[in-house]
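First the structure, in the form of structure tokens, and then the observations on it.
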Amino acid sequence: MMRHQPAAQPQEQEDIMEIGIIGLGRMGANIARRLMQGGHSCVVYDRDPKAIAAVEADGGKGVASVEALVKALKPPRAVWLMLPSGKITDDAIATMSGLLSKGDILIDGGNSFFKNDVAHGEMLKGHGISFLDVGTSGGVWGLERGYCMMIGGDKWAVDHLDPIFATLAPGKGTIPETPGREKSDPRVANGYMHCGPVGSGHFAKMVHNGIEYGLMQAYAEGFNILQTRDDPAIPEGQRYSFNIGDLAEVWRRGSVISSWLLDLQAIALAKDPKLDAFSGEVADSGEGRWTVEAAIEQAVPAEVLSAAVFTRFRSRRDHTFAEKLLSAMRFEFGGHKEPK
Amino acid sequence: MMRHQPAAQPQEQEDIMEIGIIGLGRMGANIARRLMQGGHSCVVYDRDPKAIAAVEADGGKGVASVEALVKALKPPRAVWLMLPSGKITDDAIATMSGLLSKGDILIDGGNSFFKNDVAHGEMLKGHGISFLDVGTSGGVWGLERGYCMMIGGDKWAVDHLDPIFATLAPGKGTIPETPGREKSDPRVANGYMHCGPVGSGHFAKMVHNGIEYGLMQAYAEGFNILQTRDDPAIPEGQRYSFNIGDLAEVWRRGSVISSWLLDLQAIALAKDPKLDAFSGEVADSGEGRWTVEAAIEQAVPAEVLSAAVFTRFRSRRDHTFAEKLLSAMRFEFGGHKEPK
Amino acid sequence: MMRHQPAAQPQEQEDIMEIGIIGLGRMGANIARRLMQGGHSCVVYDRDPKAIAAVEADGGKGVASVEALVKALKPPRAVWLMLPSGKITDDAIATMSGLLSKGDILIDGGNSFFKNDVAHGEMLKGHGISFLDVGTSGGVWGLERGYCMMIGGDKWAVDHLDPIFATLAPGKGTIPETPGREKSDPRVANGYMHCGPVGSGHFAKMVHNGIEYGLMQAYAEGFNILQTRDDPAIPEGQRYSFNIGDLAEVWRRGSVISSWLLDLQAIALAKDPKLDAFSGEVADSGEGRWTVEAAIEQAVPAEVLSAAVFTRFRSRRDHTFAEKLLSAMRFEFGGHKEPK
Amino acid sequence: MMRHQPAAQPQEQEDIMEIGIIGLGRMGANIARRLMQGGHSCVVYDRDPKAIAAVEADGGKGVASVEALVKALKPPRAVWLMLPSGKITDDAIATMSGLLSKGDILIDGGNSFFKNDVAHGEMLKGHGISFLDVGTSGGVWGLERGYCMMIGGDKWAVDHLDPIFATLAPGKGTIPETPGREKSDPRVANGYMHCGPVGSGHFAKMVHNGIEYGLMQAYAEGFNILQTRDDPAIPEGQRYSFNIGDLAEVWRRGSVISSWLLDLQAIALAKDPKLDAFSGEVADSGEGRWTVEAAIEQAVPAEVLSAAVFTRFRSRRDHTFAEKLLSAMRFEFGGHKEPK
């Protein structure tokens, strides 16, 4: 599944577009690169001049400020923000609302909270600027594999930028087509999709990440059961020492649980079979939390997705007060001792 | 709720009984004491002579072997085993099957697995011995408060030993009667109950403990949320430093969550407000696990009871392989670093 | 535990207070009654004249509007709002901010979200009005048992209204004192507590209700396992028909899981042993959800509390899309048929 | 990922093997077919003559009894059982122990419980018969895609039957090799693996299926959140009507959550976008339950895998007693009515 997927080449001269990109971290810089590989022209800015220089080396046109970026683009402009979600993105959108003109398109390709999108969209609409929220999956592999995109916002703006999205997207690749989708929107099978109005792109991406948390946790629990089966307390004969890396590899072919996440586990386990390099403290970003909150808002159960988030919380704590309180109760009613 | 509850005094001379008790740990010794306070006569044995001597000091008749214990009792005999569940109890039952006579009653008051009871009951039935499985709740407080008992086995044997159970039980105490139970079995409101055939007593006790795990975990999670509300990352004004011990105390009166477990938490927190004495590693005994397995056998959901058991498992691990695998995946798809 | 607990009688003439109460639903009307039983004077308003008349019949002074209520009280005034949380409470607080004067105290005794309290407190502070958020537990039993109160806000205001809180609270009753609390705040052992600044009272009450959800779910899962043990699929000998009502009753005495919620279950099961009167669709109010969200905000695990909330969500759904999707996958990979 | 994967052709004449297959259901019949496509010779038996005839039509040699099957094979024999787990498999193994000879190999390719394997292996060892437990993943797609196999048992027997396993396995196909595995056992990258002693194959397959449950539940919860986002209670502007089938399709390319299970969901949703054909009652087989029980035995947490199993249990119940009990408590403490 990790095949190289070259960026789509524009078929026609009129499909060549110009776009501004603000934020040249891992994701932003690679988005610029994939677009340029596809023939498009990128004006790029980052507060770190080295990040600009790196993209210039690959053909980008670097500028020294967001004002310069806006000036360097011909109207109607398209500007893609690829910034950390929260205050930094909020501030950038506020700034851009004063710099862009009526008819321009502003894209938030980061991991913003969908309710913030709705507010941003309303505000920009007042300036005549069309706002697109683009949930972008692909991580460090996106340059090579392409980016899967979930897009919210005005239909005309999504259609206008189709050459951009088509280039960024993975395309069909070697993945077989799904039977029965002959009459469906062909963009979807190329890895990008107009999900609905403003906010729906990031909502879909948020749930995508929530699912990702659940999938990761399912594998983690399963491999953990396999890895701890070699416990001296288990009766001999029922005690097994599994080669975990081999299991990850064998399941990549023909098994029901083959997936890209499994491919990645096989890679990681081939490098470090016991994963000794990792502390076991696992970070979480907003999307997993927001997905659980959306489930609560909608009054639908999400046991697995929430358990996945809670596991990460617990992984970053030493013993919790909760656990000490359990011991304290056990001591009070049963005299059980679990001292420090 | 922690009032002193004196053992019931036999009303009539014929209610005074004689019983053998094997296993004089915390529970067994106090069961003997409460029975003797109630006027009954106890022949007691433990493999530790000091444990025998301690109960002799309170009026018990110590013997030097199980054979001597059986000889010291007049038929039809009643022998109460109060031993660790598993092999020790299994062996003791096997031994007693050869020592007791037809018409005798053997009681397993420990925490045996109900499926083992069924096997024990069948085997003893072949010897003409009636087997009672008695789930016994009360812990270190039982001597003072009385023991809540869930009894499985032959009706005649349960009826025959009623003076024993009545003395061990807490009795009505100051706990108000439940309206509408005027025609119900009066033993129940005194804290003991014939649950059904062999195994049903320990099954009920098992689920009782499963519920206990869930209740403890609910309090633990809630207090943990309160205790961590004083986090510098929380915006000032929404950040609170709760007096946890005061909260446990205030909820003991008038609140919906008042309970005996809450009383115990108030006691523990009054002694050690931060619970610094505890490591946070929480043991679990068989009943919580068996309750989850019973739910699985019966195909009914038990999210809370299983989560309570899993929390304890996690508390006894350092970082799990599962958590390292999550970090490894995060590194592979996103370049996120969570090194040791 | 369900004993009658008479309202505290003011010891001194100066402890008799006057208070306005807005919102005479089940909770508000009984709060007024308990205060009047304790010798205090209540000016009461509700938008439903019948609700006013009912409290007038018990000694309240009814008024026809909130303006009249404010006029009827001597400054410095104390007004207790007992209204549905959300817009109704928000609007009432906005209105009162214009009617009350500097030095007055406004109490929100409902189930408001603590972050709203913080906003309300700030706003009222601008008017010189002290805002108290009082989490109030007691339900339909509060008039008789007293109300457990968690109070947030200015110390002076909490101290000033102490006679009010002392009368509403359950008092020590027959509940034994916790050893080691001799030097602690005596209000706490009487069932009310100053938790901290504005918002902390409702935060504590929120978590209290979250715990309540978890406790209820633990009992529900346990009794469900007992109730389904009579399944023909279970091997005879291991199959038991428990009297669920008897089990609830027997555990009330001497067992580790005795609690007020268990008392209530015993009452319900004595009336309707199979609970045939209930549909099984279980509502949830905001506090359970907010507790899970607080756990997420604080990055602490809350598996049991969230599972309790999710169970209620599921209980109100017919088959979910999620379940159909599971069947669809099973059909696609294994040909397993689970048609309508 | 659903590419056609032709069975491996034996490279050498000596790689052509003969095998007996008992049980010609969906899995057994297709295993026979794939082996015959690969040049091997299959003697087949099923208690249903039609099932035999169907495989004969594809080149199998049908026999009328297990005795005839054993006679038709030249020693040392290899017999593959592909039967429902439990009593049917147990009985077949007992029968075969009397028919096979020293040096023969008996394979259980079904979904047997690994602890039963251990007993079977011991028993057969006493007869000089080598027992292999082969966890076989592939479902209805196996004939085309090949079968992923996890094998437990004697090394010599696994090596001896390598041509059989190589033919059944998917092979490398178009799936990229994992870097760093150059020195690893090459069988693994072809989709089959010797896991360890008897029982380890089915243990690995059991956990594989446990993971599968968790993965399925993660997708199901996520899509459920998306599908219910179109709820009138949600504020307009934050309410979205997602095309679920399109989302499944778009995530197949470039997203972190692409997988074979997602491919299958895209297929199912293309056929029936609302999944109206399914009742929502979801069956579960033993492996999910056993995986949770293994976690409990090993004292490791498995929140996600257990939640996935419990969701299926709940899906097959109408309202539970648990839910009614929640309503009953709510009525008792708060007067909340949730009648039938």
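Chains here go by letter, A, B, C and D, matching the order in which they are written, and residues are numbered from 1 within each.
Keep this in mind: a contact is a pair of C-beta atoms (placed from the backbone, for glycine too) under 8 Å apart; a residue touches a chain by one contact, two chains touch by 3 or more.
Computed from a predicted structure; not experimentally measured.
Under the touch definition stated at the top, chain B and chain C share these contacting partners: A, D. Taking each chain's centre as the mean of its C-alpha atoms, the one that lies farthest from the centre of chain A is B.
Chain A and chain D have centres, each the mean of its CA atoms, that are 31 Å apart. The distance from the centre of chain A to the centre of chain C, with each centre set as the mean of the Cα atoms, comes to 41 Å. Averaged C-alpha coordinates give centres for chain A and chain B that are 49 Å from one another. Shared contact sites, meaning residues of chain D that touch two or more other chains, fall at 139, 217, 219, 221, 223-224, 228, 256, 260-261, 267, 295, 300-303, 307, 310-311, 314, 320, 322, 333. If you check the complex, the residues on chain B that touch chain D are 256, 284, 289, 292-293, 295-296, 299-303, 306-307, 309-311, 313-314, 316-317, 320, 322, 333. On the chain A side of its complex with chain B, the touching residues are 26, 139-141, 216-217, 219-221, 223-224, 227-228, 244, 261, 264-265, 267-269, 272, 275-283, 303, 307, 311-312, 314-315, 318-336, 338-340. Those residues of chain A lying in contact with chain D across their complex are 1-3, 5, 114-115, 118, 137-139, 142, 145-150, 169-176, 178-181, 184-185, 188-193, 195-200, 203-204, 207-215, 217-219, 221-226, 228-229, 231, 234, 237-238, 240-243, 245-247, 249-263, 266-267, 270-271, 291, 294-295, 297-298, 300-305, 307-308, 310-311.
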